[in-house]
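Chain nomenclature is as follows: A, B, C and D, assigned in order of appearance, with residue numbering initiated at 1 for each chain independently.
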Amino acid sequence: MLIVMQSHASEDKIQKVIEFIKQRGFDAHISRGEDHTVIGCVGRKIIDKRDIELLDGVKEVIRITSPYKLVSRVFKPDNTIIEVNGIKFGGTHIGMIAGPCSVETYEQMDETAEKLYNSGVRILRGGAFKPRTSPYAFQGLGEEGLKILRKVADKYNMAVTSEVMEVNQIPMFLKYVDILQVGARNMQNFNLLKSLGEVRKPVMLKRGLSATIEEWLMSAEYIMSGGNREVILCERGIRTFENMTRNTLDISAIPVVQKISHLPVIVDPSHATGLRDKVAPMSKAAVAAGADGLVIEVHNNPDCALCDGAQSLYPEEFAELFKDLKALAVVVKKTF
Amino acid sequence: MLIVMQSHASEDKIQKVIEFIKQRGFDAHISRGEDHTVIGCVGRKIIDKRDIELLDGVKEVIRITSPYKLVSRVFKPDNTIIEVNGIKFGGTHIGMIAGPCSVETYEQMDETAEKLYNSGVRILRGGAFKPRTSPYAFQGLGEEGLKILRKVADKYNMAVTSEVMEVNQIPMFLKYVDILQVGARNMQNFNLLKSLGEVRKPVMLKRGLSATIEEWLMSAEYIMSGGNREVILCERGIRTFENMTRNTLDISAIPVVQKISHLPVIVDPSHATGLRDKVAPMSKAAVAAGADGLVIEVHNNPDCALCDGAQSLYPEEFAELFKDLKALAVVVKKTF
Amino acid sequence: MLIVMQSHASEDKIQKVIEFIKQRGFDAHISRGEDHTVIGCVGRKIIDKRDIELLDGVKEVIRITSPYKLVSRVFKPDNTIIEVNGIKFGGTHIGMIAGPCSVETYEQMDETAEKLYNSGVRILRGGAFKPRTSPYAFQGLGEEGLKILRKVADKYNMAVTSEVMEVNQIPMFLKYVDILQVGARNMQNFNLLKSLGEVRKPVMLKRGLSATIEEWLMSAEYIMSGGNREVILCERGIRTFENMTRNTLDISAIPVVQKISHLPVIVDPSHATGLRDKVAPMSKAAVAAGADGLVIEVHNNPDCALCDGAQSLYPEEFAELFKDLKALAVVVKKTF
Amino acid sequence: MLIVMQSHASEDKIQKVIEFIKQRGFDAHISRGEDHTVIGCVGRKIIDKRDIELLDGVKEVIRITSPYKLVSRVFKPDNTIIEVNGIKFGGTHIGMIAGPCSVETYEQMDETAEKLYNSGVRILRGGAFKPRTSPYAFQGLGEEGLKILRKVADKYNMAVTSEVMEVNQIPMFLKYVDILQVGARNMQNFNLLKSLGEVRKPVMLKRGLSATIEEWLMSAEYIMSGGNREVILCERGIRTFENMTRNTLDISAIPVVQKISHLPVIVDPSHATGLRDKVAPMSKAAVAAGADGLVIEVHNNPDCALCDGAQSLYPEEFAELFKDLKALAVVVKKTF
């Protein structure tokens, strides 16, 4: 930490700051500039930088060590590649996940899965427990939904991912699901993150609607610090003042995260935009920017979907999009 | 719901939209304007408006009934007044809650509580389970913290509030705590909200960092729809581009919420600004704008606080502020 | 405009609203729903919808006609294709503009232009009047800069674009420049927009840092309503809470604008991200999402640039990127 | 500036950075920590910190001197008190400005001014040139409006303020107006700011919709660096995701600005909220938080206003509010 003293701060104030940090177990390195004296605060202890900022004569306190460790490229320089059912996420590999917003019936899932399988998809998504803003909206089929998801996936030899909402649900999810998804609204449900740290299956961690990239990585750090090294980060749009799209998909988060962290970062264009006709251009943008994967909503009959039909692709639209994405991948030297 | 057709949409397209909504159990009322035909979609069913927006010829779909019911003044025109330990929140009453960010030791709580009691505070706050961005930061004393909080409160005949983070913790909290607090990061932890709906103690629901007022009220609706009618809304700052304060305290949320809802709305200036010297002006602003209460961080020795000392007031500062706030309350025709 | 009355509003209140709008020259079409009466307010006059919202018994007023006319696809369904020096923007054509942030010296421009020309660039950018946040920062060479820009461009048979900051500067710019650029900070400098409406050269209109897409289109409407039909929209990042990039490039604005408007929309990845290593991925994302053009900062010697060197590409980096972009364009069925 | 090197950066990289800054006229002070070497970059030259950030081995570059000089309390510790027509802004003085959004007719202004005068107002506001999002909306009466404003003000011995939109208009404004107002959309119209630096009348500088406090102060710095020392800062709401109010009034900007700068900071609650019934609570909040003044929209007949009637108070409402505000001022030890 660097403590920048106010312009021409008195020697007395400088000494009091040094004393303060030494009492808390830090060493002090002093450097006197033309205007400002800067005190380097060196040590392994944890301290709230605002406590120092309130001391007399202090202008600013600057943290210089990153708050994340395990998720950082400093800790692990090479890309983490996560493989599920033969599909890889990370490095030069782009993984594809597709399926409906919610599991509704066996027939719906069976029909959707068959078509997706024929397009080349090997990981199926489908919500069983739905986080809904309104208590009066469809909340999902619950465990019954997970059972359908598993049964259909097994029929087509696919893997599955679904959103887990609570610590209590984890054992149930482990029976049915290959990738446990943490939704945007639970990105800072720290109890859930800690519990997922003890799991030995990949976790897909969605970025919160107003989470900074740093906070998102800190949530991944929670999972990794529990011992689970398989975290897939998923960008799904942030909240801004613009409301022609449901959220603003932050495509630049892809190269930003890839520079800082070794973890794969994928994109969910369906929830980000909330509109079917924006899914194709934003999927292409994500691949072109270097995304390590995509999660796309596809429904066998979007017009009758119980949830988010408006942002779901028809299976034929998806098949065509997937072809285009494979062509784009070649240009950026990656492969699905 | 109102369905606005595109300018000069064909009769055929209009009929298809009517058919679509009738199949889903709605009635259609047609109104033909100069440019636009508008179809009123009348009924009690639930439908995702984006499904209609994707139909051919549709320009826009507009929801006209509010998504919230129980929290609304339409449902209950009179102010809800919540009373805890003789302190009232709502109507012409302003309730005060104060205490440290975290429970650290018995001595710390005892000393702080004594001073607060002498200033006139009757509800004590203190965190036992702390939601921290970093897995490496102090996470609170857990149940031990709740015990200390209760013991000290009983000594001074005070009530207590503390943050509950998980469904599993609710039974434990009910043993020690008078008001259960839901933190900003859990505002859309729907499982937690549902479980709190079954509790018969007041819940203080903090607004999420990027939650719209509508979403915040919908989260209160979750709690109320479970049967718990005692919800205190707490504005604690939203995330914006400005970073000279930790968050931007949305003071205008106070009159906005009070117009729509009968529930009391209080303000937490300590977390909103994150800086001690901004707590007094923002507390005064909140009271002047009509807030139904305040939650203020006070620590017997902020310089040594384990958490958020930088935003905690000294007991003497608080005592003086409380006097000023009482004087302001008179001007806006309210009382502490 | 649709006026939604409050649930069960009295007949008296309904009649008063009708009277109010009739007095202002509108017709009223009434439609009575189960809960809400809706009054269609039909006519060509202009009225502030908030004036109606304040009437007794009114719940909400909803505008249904778009505020923009000339920029809209309703007015002109076909894509506007703008051609400058043989380079086209719009439809299936992607135009490329490149050059340094600021014009510094003849040598700098000459060297940069030569390399860009050899890469296939035909439109050169360079700032002569710089909008700088600080009054103490380099403000550009002024008219001298425009002269250099023109001289170098003529040598290589290129067209040029540069930012105009004030009404007074327009005649000077018309002598030197082929595309007049309006900067993000001037997007709502309405006097400047009006004056540019009288010009008969293309205008590149950057989106303001916090401008909604609707406001951006309204600013284009200002220019078009003056008679200038050649407006190129330029997305350059919006301000959000995220600060790992200078701004958040809103890639989804591309398909959103293209659906509403016939005008070409291009992207400036250099100013959006502010960092050289993010320019390539974001340029690719823009092309993949369907952008009609790009403006990229390139400097012959970025390490010595007087302004924004940190976000400028080396000419060799640019040459390689341009090749990749051409390959990507093929996949999305467009051409540079 | 402090240059933080990456963890364990090689000596070679450190030396290259030192060389780089020395070539640009800076001195280097090196301080070696446990993980990070920090290089203090000392000198008076200007350099883009991102240029250094791109050097090999550099982790982060941190600016430690404030970009503003003249607006800062370091430059002038005492409050600047600006007096217009006997009304003071700053220190313990709160100034009141009131009047309609637009000047419409002599009668409207005369009637409004008379009532305001009787309430104790001595500075009248009224727009003559209106920045409107749509080219089709009422754009103001122009110079005719300024004449009316002046005539009415003279009748009641009041001072006036009105918004200037362009450099060319300044000489005209100087004939009629006592305080020149810069609108939110022109906060970074740097040519206008520079020209206002040469004026010797007070300038009221509104904060841009998405301007940080730092940018706002830098715009004030533009005016002051031209020699005009009388700048009144005006907070008028920032753009956030919340849309129940037109903008989010950032009340915390008041104490934040007052700590950094000696300039008075006032609040415009009318434009911030956009709704009449929110003006009173937000005016009270502003005074309680320590604002140095208020600008409030009042219209003799809001129902017939050509512009923003929905946010204008009735003269009687204003009179009552002004009384309440005076009572609140006493509590915070200030006076109108």
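Here is the rule we use: contacts are C-beta pairs under 8 Å (C-beta built on N, C-alpha and C of every residue); 3 or more make two chains touch, one makes a residue touch a chain.
Quantities reported herein were computed from a predicted structural model and do not represent experimental measurements.
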Touching both subunit A and subunit C (chains):
B, D
More Cb-Cb contact pairs, comparing A-D against C-D, go to C-D
Farthest CA centroid from subunit C: chain B
Interchain centroid distance [CA atoms averaged], subunit B/subunit D, Å:
31
Per the centroid of Cα atoms for each chain, what is the distance between subunit C and subunit D, given in Å?
26
Taking the mean of the CA coordinates per chain, how far is subunit A from subunit D in Å?
38
Where subunit C touches two or more other chains at once, the residues are 210, 239-241, 243
Subunit A touches which residues of subunit B in the complex?
46, 48, 50-51, 53-54, 67, 131-138, 165-168, 185-186, 188-191, 194, 208-210, 215, 218, 221-222, 225, 239, 274-276, 303, 305, 307-311
Mind listing the subunit B positions that touch subunit D in their complex?
210, 212-214, 238, 240-245, 248-256, 259, 272-273, 277-278, 281-282, 284-290, 324, 327-328, 331-332
Enumerate the contact residues on subunit C facing subunit B in the complex.
2, 4, 7, 29, 31-36, 38, 40, 42-43, 59-60, 62, 64-65, 74, 210, 239-241, 243
